[in-house]
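Take a look at the structures below.
Okay, so chain A shows up in both of these, paired with chain B first and chain C after.
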Partner chain A sequence: MLDMLKTSMRLGLEPIIDGGGRGLVWMFGELVLAVSAIVPSLAMAFALGRVGDWTRQDLLFLVGFVLTARGLAQVVGGGNILMISRKIGRGQLDHNLLQPLPLWKSLVVEGFGSLDLIVSQLLGVGCLCWGLSYVARPEPAWWFALIVNIVCAAGLVIATQYLWGTLTFYAPQSAEEINTITDGAISQLSVLPLNGAIPFVRAVLTSILPAAMIGAVPASYMLHAYGWRLYTMPLFALAFGIITIVIFRQGLRHYGKYSVSRYSSFGHRR
Partner chain B sequence: MENTVFPGIRASDIAVRLDGVCKQYKQRQGRDDTPRSWRNLFSRQYKTITALDNLDLTIHRGETVAYAGPNGAGKSTTIKLIAGLLTPDSGTVTSLGMNPFSDRVRYVRNIAVVFGQRTELWWDHPVSSSFRWKKSIWKIDDEIYSRQIGILRERFNLAPIWNSLARDLSLGQRMRADLALALLPDPQLLLLDEPTLGLDVEARMAMLRYIRDLNANTGLTILITSHNTSDLEELGQRVVLVAQGTKRFDGSFRQLRAQVGDVRDMCVVTDSSRHPQVPDTIAYDRSEGRAHYYHFMADEHNIMDIIDMIGRQCRILDISIERTSIDNILTQLYRRYNSA
Partner chain C sequence: MLYDGFCLYWRADSKVAEGEPKVWSTLRLSAYVPRSEWFAQAMSIFVRIITFLALAGVWAQADTGDGRAYLVSYMAIAQALGFLLQPTTAMGDDLANGTVATRMLWPMSLVKYYVSQWLGHVIVPSLISGCLILMAWHIAWSGSVQMGRIPVFLVSLLLGVIIGIEFDFIFSMLIVRVENETWFANAIRWSLVAIFNGSVIPFVILPESWQGVLRWQPFASMANIPIDLLVSSGFSLSSLAIQLIWVVVFTLVCVPLYRATWKRITVLGG
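Up next is the complex of A and B:
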């Protein structure tokens, strides 16, 4: 597995090393996208000083938490691996199924080490460190919980994309770009606190489109909770992940029965 | 172990076997009546398409089998079933002694699949990177990799494109690289689905040459589909013809030609644009200016008598008679199947 990841990483870095300015332009584009996603939250934090019970420092921590989690998800989700609906809808999943690897491993290897990773990670870790300099607690248990929460939030990002991407097995054409929509929703909504949201919106953001469970909820627990409550989001992520696996496997069975009759080489293999 | 179904052939000699395989698809139907199309929201209409209907097929190790049929005959479905990408509705698929779908991970290590118009190459990377990637995923030993690369680079003339980006290659070069990449892990079975699709004449001939040499030099089992049946005739020792999901013919190309008899195509150029009258047993096809086209069975007519008859009606400026193309034979057979 390590050898495969190394090869994938090398392929991911090749455009930077051999591609002249092309890789740098790509990274700059990713940086602009990442910054634009967090600007509303940061602008709000710095302009208003606080939003509800969220202080400026809390909001900074929230943004850093989300960016780090999303960056971590990108570690294995480069190319179109996080946008699985594109792969399925374009008939490109066949390429993965023709590799002598379990599907999950094939996807992890293919998505590992893309250029997006470097940008998102640098920005995310930078913001997180800045936020932590204000809100971090000294106890080792808190730091451990923080790491578990970030890893689980990353897992939740992936699970959300795959849960919605499953729709593409049944409607390849209509749902091909559904992950673009869910990714956009997650990136924009997860950096916002839940204050003032009506119950219906709260329900949606903590269930089928769990943007709040990736950002506001775990960040809030990390700031204010103690003991086992620090692990509320990881438990949710575990349940969400299991449900996603069951539903995605169901979709795969449908794919094995009907396949996808369309094929597009667009975006295949970065 | 002796095979009971095919006496004289051991079970281990069989590479692929399909027994009574059926596969159907549901195709959604739209309504052409626009004011009532909103009804699609509540009650959708589906049409059942039978891609394969009780198909039996056996391919022996070392064979090159040409798999032919009109569009929608079930060729790609068969390839996907053998590749382990689809499951049959009923019947069994066994390839290299495994179930391609349930033993997928172990099975695909031993096969290679090349789809025309699809590429396994990494698009924005040099061709060599895709080979390095495959080495790592297939866990190919360094020594075997070096040996295979040496053979493939020479056989497929990869040296000029080895460091070129995949996206910069012509379609012919890309297919060449794709075929070489598929063969890197030294597979036992090669599935080629329309490998010559979109290639120009030169690239097509080169591709056919590579495939022919491959079977001759390595004894690799090859199943190839193509809409271009003359390509298949170039390659196949054996042809399997499917139409409407059913196997219609399984034998050599010589036997296939015998299905419709020894048909000849004749083109007569005369000094008149009116086509000369010939006996009813000779089929008049068309006229293009002063060139007139006919088909007839060679064993039913004396060619000199035909020429004499035409010569009495007009002046013959040129004449050519040749064995009819395999495409014409298949067109006749498809018509026969459709009418049946």
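Up next is the complex of A and C:
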């Protein structure tokens, strides 16, 4: 598995390793994308000053937390692994199912090594460190809880994509780009505090589209809670993950029975 | 341009009626939403509404004093107009994959085709999501606009859409020269334009000196200027003048580039 991970990482870095203009363009483009992803959130944090109970420093920590979690999710979710609906909708899941590997392993290997996104990941970690310089607590238990929360938030990003991607098993053409929509929603909504949100929005963002559980809720608990409450989001992520696995397996059974009609008889996508 | 499936929005024959203007028929056919896309469209509209409600909740809590009403109104209009603020026609894709060769055989100007196709594609989702967002804004935040400002706003919006379409054409014709990375270039473009056109970060939250500079760049004419004209209490001829200048500048760039690109495509065979 280690060799496969190394190969996958190397493939991801191919434009940079090959060098030349293409590598530079790629890195520059990644830098632009990464900066443009964080500018709206940082602008909001600095320009607004305060949003309800959230101070500027709290908002900065929230932004850093979310970016780090999403960056971590992208490390294992490169290519279309995080956008699983595209793989399913295009019938490309067959490529993974044909391999002599468990499905989860082939997906991890295929998606691993998004070090070509290292610029955005470093920016996220940088934001997090910046925020931590204001809000961090000295207790080791708090730091442990922080790491657990970040890892679980990354897992929740992946689980959300896979939960919504399961729809593609049943409606391959209609839901092929569903993960594009959910990914955009998560990236935009997870950096927002929940202050002032109407109950319906809170309900949506803490359940079927858990953007708040990826950002605002764990960040809020890290800032203000103690003891077991620091693990509220990890518990939610665990439950959400289990539900996602159950539903995804149901979808796989359906896929095994009916497949996807996106391939023509001579192997090309319709 | 034949779509299988039931016409969601209004009945129309699949054949173009004798004497029917080509622009209207292209627009009408583009507005058809096949049953296979209903779910994706519905999900996209739902996410847009949730995004507005969450953002408005945040802006309404922000420590900006009297500016809150302006920010919420600005956000409501920006989200309601969403699809119109960053026009993306099919020209880029058609140039990249060679479909433009087929389009060139049709008895219709390519500019008219791409504009009417884009408009048909966005007009109905825009109307649905726009109406729902404006309703939510009115109900939750007692939002309203001064009716007297609507004519100026419509003129400004039209100019903004023209600038957006011209920019899309210029970008498509330039970026097609970059082999194999058009999706990457488009991702960068969408990110940057979303920031600089003011639809994500209202310029009013930025320092005054920045606002003055940002107003002059072309992307502000696509979103910030029209929305500001509608929701702010002042009126500025200079805003319309800025938009007119950019329409002229982009036209002067677009026309020779269009001729050169089409000559190249005709010679090289698509």
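Please note the rule applied: the second predicted complex is superposed on the first by the 246 of 270 C-alpha atoms of A that agree within 3 Å, B and C clash if a C-alpha of one lies under 4 Å from a C-alpha of the other, contacts with A are read in each partner's own complex, and residues count from 1 in each chain.
What we mean here is this: a residue touches a chain if its C-beta (ideal position, glycine included) is under 8 Å from a C-beta of that chain, and two chains touch if they have at least 3 such contacts.
None of the values given here were measured: they were computed from a predicted structure.
Asker: Given the alignment on chain A, is it a clash or a fit between chain B and chain C?
Answerer: The answer is fit.
Asker: Could you let me know whether more residues of chain A are touched by chain B or by chain C?
Answerer: Looking at chain B versus chain C, the one contacting more residues of chain A is C.
Asker: When the two structures are overlaid on chain A, which partner does A:A197 contact: first (chain B), second (chain C), both, or neither?
Answerer: second
Asker: Have a look at where A:D94 lands relative to chain B and chain C in the superposition and call it first, second, both or neither.
Answerer: Once the two structures are laid over each other on A, A:D94 reaches chain B alone.
Asker: Based on the superposed arrangement, let me know which partner A:L209 touches: chain B (first), chain C (second), both, or neither?
Answerer: After superposing on A, A:L209 lies in contact with chain C but is clear of chain B.
Asker: Between chain B and chain C, whom does A:T232 touch in the aligned arrangement: first, second, both, or neither?
Answerer: After superposing on A, A:T232 lies clear of both chain B and chain C.
Asker: For A:Q188, using the defined touch cut-off, is the partner it touches chain B, chain C, both, or neither? Pick first, second, both or neither.
Answerer: In the superposed model, A:Q188 contacts chain C only, not chain B.
Asker: Touch check for A:V51: first (chain B), second (chain C), both, or neither?
Answerer: second
Asker: Please give the nearest C-alpha separation between chain B and chain C in the three-chain superposition, to the whole Å.
Answerer: 5
Asker: With touch defined as at the start, can you tell me which chain A residues reach chain C in the complex?
Answerer: 25-26, 29, 32-33, 36-37, 39-40, 43-44, 47-52, 167, 171, 173-178, 181-182, 184-185, 188-189, 192-198, 200-201, 204-205, 209
Asker: Applying the document's contact rule, which stretches of chain A touch chain B when the two form their complex?
Answerer: 3-4, 6-8, 10-11, 14-15, 18-19, 94-95, 97-102, 106, 109, 256-259, 263, 265, 268-270
Asker: In their shared complex, at which residues does chain B touch chain A?
Answerer: Per the touch definition, chain B meets chain A at residues 25-26, 80, 83-87, 89, 101, 104-106, 108-109, 113, 115, 117-126, 129, 132-133, 135-139.
Asker: Touching residues of chain C toward chain A in the complex: what are they?
Answerer: By the definition above, chain C touches chain A via 35-40, 43-44, 47, 50-51, 53-55, 57-64, 140, 181, 184-185, 187-188, 191-192, 194-195, 200-201, 205-206.
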